[in-house]
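You will see subunit A twice below: alongside subunit B first, and alongside subunit C after that.
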Partner chain A sequence: MFSHLLLLSIAAPLLAAVVIASGIPVRFAKSVAVFGFSLPALIALHAWYHFPVGIGGDYAYLTAYNTGLHELGINLSLGLNGISLPLFVLAGLVGLAAGLYAIQSGAERIKTYLALLLVMQAGLMGVFASVDIFFFYFFHELALIPTFIMVGIWGGKDRGYAAMKMTIYLTAGAMLSLLGLIAIYVKSGAENFDLITLRHAVLENGIAAGVQTYIFGLLMFGFGILVSLWPLHTWAPLGYGAAPSSAAMLHAGVLKKFGLYGLVQIAVPLLPSGAAHWVQPLAWLAVAGNILVIGFITIAQRDLKQMVGYSSVMHMGYAFLGVATLSSVGAGGVVLMMVAHGLSVALLFLLSTSVYHRTQTFDLNEMGGLAQKTPVLAAFFVTATMASIGLPGLANFWGELTIFVAAWTFSPLLTALAISGVIISAIYGLRAAAKVFFGQPTEALTKVLAAQPATDLRWSEKLPALILIAALFFIGFWPKSLSNPLNDALESVYSAKVITAAAGQ
Partner chain B sequence: MSPELIQAAADNRWAAIAPELSLGCLALLLLVLEIFLPKNRQSIIPTVAITGQIGLLLGFVWNLRYGPFVAYETFSGLIRHTQEGQFMRGFFMLTSILVCILGVIALAKQKLPKVEFFAITLVVSAAMMLLAQSNHFVLFFVALETVTVGFYILVSYFRTSPLSLEAGLKYLITGALSSAILLFGIVLLYGVAGNPTLPGSSSDSMNFNALRVFLEANPDNFLASVGIVFVLAGVAFKIGAVPFQIWIPDVYQGAPTPVTAFLAVASKAAGFSVLLILTKNVFGSYQTLLVPVLSVMAIATILFGNLAALTQHNVKRLIGLSGVSHAGYLLIAVIAAATEPLAAGAVYFYLFAYLLASFAVFGVMTHVAGANDADQDLEHYTGLAKTHPFLGAILAIGLGSLAGIPPLAGFMGKLLIFIAAFKAGLYTLLAVAIVGVVVSIYYYFGWIKAAYFSTWTAPLLEGETDTRPARTPVSLTAGMTLGLLAAATIVLGFYQGALGEWLLAR
Partner chain C sequence: MPTTVFGFSPLLVALVTLLTPLASAAVIALFLRRQGSIASLVSTFTAALIAAGGLSLAYTGARFTDSADWLTLGNFTLSLGIKFDDLSALMISIVGVVGLCVHVFSLGYMHDDAAKARYFGGLSIFMFSMLGIVLADNLFMIFIFWELVGFSSYVLINHYHEKQSAADASKKAFIANRVGDFGFLLGIIACYYAFGTVNLSDIAAATVSIAGVDTNVIALLLFCGAVGKSAQVPLHVWLPDAMEGPTPVSALIHAATMVAAGIFMLCRLEPLFAISPLALDVVTWIGAGTALYAALCAITQSDIKKVLAYSTLSQLGYMVAAFGLGRLNIGHDGLPTSAPLLAGAAAAMFHLTTHAFFKALMFLGSGSVIHGCHHEQDIFKMGGLSKKMPLTFVTFTLGVAAIAGLPFLSGFYSKDAILHLAELNNFPVFVILFITAILTSFYMVRMWKLVFLGTSRSEHAAHAHEGGISMTLPLVVLAVLAVVAGYTHGPLSVYGHAFDGVWSQIPHAEGPGVLVMSLSILLVGAGSAFAFYKPGSVDTLQTKSPAVFGFLVVLKASFDGAYNWYVAKVQQRFAMLLDFLERIFLSGLIIRGLSGVVGLVGIGARALHVGSLHAYVYWFLAGAAVLWAFAGGWLN
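Let's look at the complex of A and B:
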């Protein structure tokens, strides 16, 4: 049983989804959902706590299952290395928070909602536990499909348009990445989708530099669409604006990291000279497009949820910059940043929805003074904003700091521009917090509050928020817990040979 | 040839085509029952047809373990028994059963004689099974014509509907044209390969083996090239590849929904199994001719199918045109099959996934359609998921699989084709296929959207009646069938098991 824990973390939510879909009463459905969300989180924490020290880039908990495509080099092989462990933990924690928040949300057709969310959770656990790059892709799609449906059914304004746009953009991105992954499979000569075998094959033979350029280009734009690389980001704010809160938490918080994780774990180590060919355009798109352009657009937002959506697009710019440095330090920064951003953006989506339930609007100009009525909500929101800006003591600080350090040797100019982005995020973050919680309530809000007095966060809302906040502080104060295995893995994956191949370009 | 092989080829081993013969006998039995059974007992005839076929299919699968006659030729080389042929036989028996089940639902809404529908379906299926194993142009053409003539009747079966009659006429004219082209191609090949002055000529030049030997000996004979292109054109009509797709939207719309399903799945699959036999073995030495012809066809087919489907509101036309695009993806695999053994397996897997998904969708369509079978609009699906969650779920799974969304079987089919195409170096075709897949999301998703996302519909005023047809309640048999199709679609997406191993082993 112990050796099948990773499979269990995928199977448990799926099983719970099937049980809920089979038509049990709502009361039981909620308990089953709690089980389906907490088991993966517990397994993730367990795997983290027991993660073996000093295994380098090797995989722990490695297991493989034959699904019938063994001849083709496809096996369901699951395992965790230092790079995937932090994201696996992230998926477990954010999944639990999003699940608990969904259970108390009182959405229409709640059983379908929970079942879809559980399928998504299974996909997320699978993405980061997969050693086989085919299943890595497969689980991503498994998690993606419920997102579309959830946006379409439970979404806010423009949900039909948003769902359609998201679907088309993300399918295009996924198809490009799939082609890239198949290209690695064919061109590496390994004829195997197993990442360990692929690494060996590439280290021995390598892929021709010209071919690498094409493949990395495919992956960069394919993953780029999925991670909302400017100018392919337009689906993201629209989609997140329309998505129901738990779906937005899981997608923006965890699923979107699929692309960056793919770049860090697969694309750069396997295609170093191809990556070297693309770093300049990638870094410029990230800094000028994602950080600066989107940063200014975020400042101009008047809708709280749209603002959070845009800010998440903006923060992806730092991650892309970290990838572009092609160094183990930069890659480590990206992974830390992904975890931190995932926690903080999920928290922001959660709290924005809680704000909405009290103000009945997302419009920042129609709020104000909510802190007097709801001090705990205000405190949580300010914490989330601080985390998102990158205040020391919270997890995001370490990720951004590491990326800036790595980026300095890459390009001081871009680093300076990127750091100025921190000021931009401080402007919109703090202003949003101020507009929602401080100052005088507007007339519109007074009317709403008179009709329905605002109460502070209930425990059912507090619990998921607290899970995320605790994780943010824990990693903020003790980053070593994640960075030790991460360093180990990066030193071996981004070995000297890989780095020189990239530098030789 | 080994001694047993010669022995088997020499005599007519009737046991070798027992499944086909039994299907034919079952068809005759149905007609006999119609004459002798009293009117009020005739309702058991469809049940006899369905249970009889299920029995035959089970018996066939049971016998499969002994690999009967595999790698042998029987009937003086008319038929060649292969593993692929066995797979396609099972495939056609399964489609036949499913068509009959859908037929029961659709025919219940019409005041028409019912028994002939099942009898013809069985005969057509038997002919398709022979077609997939043919090793000689005589059998090939006779089997193909049996299929086509059967379809002429089936397409215009709802004879009270003008659209059904129109569809029948259109199918007749275009079908006759394509048969003529095909026959012309066969005659050219026969003539040139029977020319004793050319090396490798044969007196039995319609035999695929003899023809292959001849074509290998004459790698760029002009007449043979023309013949090959004409034969391909005839087959392209069956699979609905551009420029022979022109009949598809009208015929698919007019034909009764079960027949549309039969055309979409079985007719297309028959075309592809034949195309694989021809391009891989018989015409193998003419790759320089085949690859450009088929590539242009594949590109045009994918683009036309997807773009034309974008604007459709009638779901039968929509699924017909989307089927055109599926033919395009499959053509890519056919091209790749010349160099990549994996590609042939990909074709069979794709066809099987396509069968499961298509019948799931067609099954839902027969339940949503009213008495006017040709009028099936996207609008009729509004709110389906709320009023009929079961049908909604089946529809979503079927369409998702057709769109190639993981974790459904259709995705695995596309993946195998992509891998094969990548290995064969068909990058342009791959790029077109990717564009096609992304475009297709729009219309498949639009259909799901109609069924799932609550869109506003005008409330009925007093005295106004709902123009949308009432949805048929799901019977136990239909529910179980649809459930099984959907479950198989999901399971094959996760776990291909023995089927995957068998298909990739060749």
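Let's look at the complex of A and C:
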């Protein structure tokens, strides 16, 4: 029953993209797109619900397909372990929400837009379902290329510059990561790119500490660019500010997690002593750069979408700090954080766009009082803000908390600095909510509203938002649903041997 | 000890009590958004159920602990659990009774509000969060619900969200609380690593055996949480602003329960503080400072709710100071005791209890006044309400008498316990609290006289009227409690033996000295206010002594002024500066990559080619040195 579901979750959106590209009428294209986005989400939920307990770090639903490249050590091998499962679910849910939001968006050339999004969605499902690190990388590229195109064509202001900058940065990051991944393969002495084989090979033969150091350095900066590690982050706010909402949702929500996932699933467990060499600079960049500097920069933003973009960069600081603790608590916190952040940032991009449709501006100083016209939109936005600033009861709290707990053993000073970020995020989050929704409308907004009265969220906008909100609440109330399989996998992937190797430095 | 509560297991009753308000909030949010009246009934019914559940748990003597793992990652486990002892039984009773009164009162007060569903949904989510704090058996769980009460407070302060002042106040409250929570969370994590647990009972057990660990820092970090939530100086600024919320909310959240959660949390951690003497001293002084400062601020307020808000600050300071006074090694008979009395915590909880009743009474009374006067809140525009609103007048007067410490009312006993303890343990603090007590009766009588006596000074006050039964009944219930809540035992006691674990630790002073002290406080404070203030449309103090009045106003404004200056001139400018650097330096230079580097080299080259022979020589020497170093392998 399960054997080909993971493949189907990748194939279905691709197939839908092909069908849409073949030139069917728009209304059929929309139905096909609904199918293409729903199926991966359903498969993800199905895989989550049936995920076997007690398999440790092993992969469930493992299936291999011969691609004719096995001579090169490359196989399409799909499966999920406790670390990839949460992200696979994230990709499914955010994909569905972004897809549904795109379908109702009324974008120009909507068929091309949907087809590109579907290709992106296929890539996302593939990234987290791949056990083979070649395909892990390949699917990332598959998802990345449509992003550039979408920013370039459907983007907002500065889209040309933003698309170019994103392309340069992300390509550079991806190249560095690819070098690192290949280096792991070569140095491990394994006969193929399969992560399971690699893990065995590394455990048996080990990679010399000095070699680990430079490979981890490549991966850290490669993945770091992709995840917007300070000061390599500048593509992110610009890119997200310009990207069309669904592309921003998918990229900030899911694709960006590729780098962190690579660090947690591949780089740290395979290169523990290399990681140990780099953790101090990594943690300091994360805390001083991402959390504090970017935190303050976020406070200064006037553009709602840029603010969300910067806040996303800031939150990546917590994730990097969690990675730097080199512990299973920290790694688990990073995974929880990735899922929660993915859901909440996607929700914020979605709602920001819905705000824009009503205010005709992203400028926070030209809004105000919108809650009087759109109470549901306001309630959703406050929920999303509260999620993003780590309110308990919503998913983000668990990730932040466990990262803080893990960070204390690493460095109480950095923990204190990182926790001060919760004040910063409360400041910019609540300020934005208040500027958009509360008080009285500004003169500029009054004019806009006079010309085009604001209506509350339509169901077509509500539905994708509700999917994300429901997921945030569910994980917020029931973190075990993710942490049980996750912890299972961490105990074996972050085994005592790995942790000792990391501590040995 | 019975193992069941009316035939149900205590755990089940506690869980139903805890989760019903969550369900109520969810139902209102999902289905009753446009059905305000139904929503208000659902929420009020829930509050009745909480009161019933809480009181039956408390009075049937069910005391238990239970917990379940909620999240496990590696060696870290976070559990949710219930610790139900006499302390939490007392707190759940207060929350239940005051909560129900406020819900019933709100039925009348908020009857015509357009966003009634949101209001009552907010109350339900607040009740859920507050019960979570009360029942929690570990610090992480307290923190979770701690943040949630902050959120519900945010939502309810922001109820009139079209008012800019309400929007600002809610934001300020949340952020000020977050500042406190920063320390609180750090303290919890430090505690987790110092004791290996965050379970309250386990921490208490560990404090006995722990040696050589300095717990002062941990205790102070945890205290930060209380400073934020219980609005102690310097984080007190949010509470007066929080009066932007509907008045019943002020009664429930910003007087009786949520702001008292800080004191409750401290009492939960009494054993930890008992081994941290330095931290206890800080706690006492912060509390005493807040008590005095807020009492001084209250004297010049003209908004009836602001008077009550500063009074709440001051009384919270009283409780915090009481907690900080710590244990007592002298028994009631004046002889050393075998086991020390947990006097500070018990006195704090005692005052928390009586204050919850009389302050909720006065806030609801002020709500009744505001409602009767068509939303007039300026006490200088009231006057003569004793005849228009006799029931409100009588109940409010009881509240004023209770807080002023009129003998045999509740405040007399609880304030006295604190003063007595202060006299024994810390005389300077005793002096401060004594002065505060005089000021308390002074500003209270001032307000009472201006509102109720004399003649009406505005159209609204002239046409004031009593609210319906839903607004008067809670006043009567709370007035009765404000009278009798001071009797912890004996025929007038409403407590039975349910809270003996707390009450037995209260330090009691006996003899006529107590009565004399209380009466002198009352005579000096209340008497002078009664004689001094004349009903009129301006503050008598302002006309008679502008200097004193001006000083008090400046004193009150100083903290807000400092914070506003910090936010506008420091924080915002720093943020703008970083943003500027980001745009110029990172986006301009690093992003543009090569072209940026070429540009930089160009600038550098121009600087180098200054045409001076000396410069070329220096650069030549520098270059040679670098080459030499490289060749020598020193750069590797």
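We adopt the following convention: the second predicted complex is superposed on the first by the 502 of 505 C-alpha atoms of A that agree within 3 Å, B and C clash if a C-alpha of one lies under 4 Å from a C-alpha of the other, contacts with A are read in each partner's own complex, and residues count from 1 in each chain.
Going forward, a contact is a pair of C-beta atoms (placed from the backbone, for glycine too) under 8 Å apart; a residue touches a chain by one contact, two chains touch by 3 or more.
On a predicted model such as this, the values are computed, not experimentally measured, just so you know.
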Joint occupancy of subunit A by subunit B and subunit C, clash or fit: fit
Which superposed partner A:G156 touches (first subunit B, second subunit C, both, neither): neither
First (subunit B), second (subunit C), both or neither touched by A:L69: first
More subunit A residues in contact - subunit B or subunit C: C
Touched partner set for A:I168, first subunit B, second subunit C, both or neither: both
First, second, both or neither for A:P412, with subunit B first and subunit C second: second
Partner chain(s) touched by A:G217 [first = subunit B, second = subunit C, both, neither]: neither
Degrees between the directions from subunit A toward subunit B and toward subunit C, using C-alpha centres, nearest 10: 160
Touched partner set for A:A434, first subunit B, second subunit C, both or neither: second
Which superposed partner A:F138 touches (first subunit B, second subunit C, both, neither): first
Partner chain(s) touched by A:P479 [first = subunit B, second = subunit C, both, neither]: second
After superposition on chain A, the shortest CA separation from subunit B to subunit C (Å): 10
Overlapping contact positions on subunit A, where the subunit C interface meets the subunit B interface: 168
Residues of subunit A defined as touching subunit B within the complex: 67-72, 134, 137-138, 141-142, 145, 148-149, 152-153, 159-160, 163-164, 167-168, 171-172, 175-176, 178-179, 182-183, 185-186
Contact set on subunit C toward subunit A in their complex: 29, 33, 70-76, 78, 115, 118, 140, 143-145, 147-148, 151, 154-155, 158, 161-164, 166-168, 170-171, 174-175, 178-179, 181-182, 185-186, 189-190, 192-193, 571-572, 574-576, 578-579, 582, 586-587, 590-591, 593
Contact set on subunit B toward subunit A in their complex: 342, 400, 405-407, 411, 415-416, 418-419, 422-423, 430, 434, 437-438, 441-442, 445-446, 449, 452-455, 494-501, 504-505
Of all residues in subunit A, those that touch subunit C in their complex: 165, 168-169, 231, 234-235, 238, 293, 296-297, 299-301, 327-329, 332-333, 369, 371-372, 375, 379, 382, 386, 391-393, 397-398, 401-402, 404-406, 408-409, 412, 415-416, 419-420, 422-423, 426-427, 430-431, 434, 437-440, 479-480, 483-484, 486-487, 490-491, 494
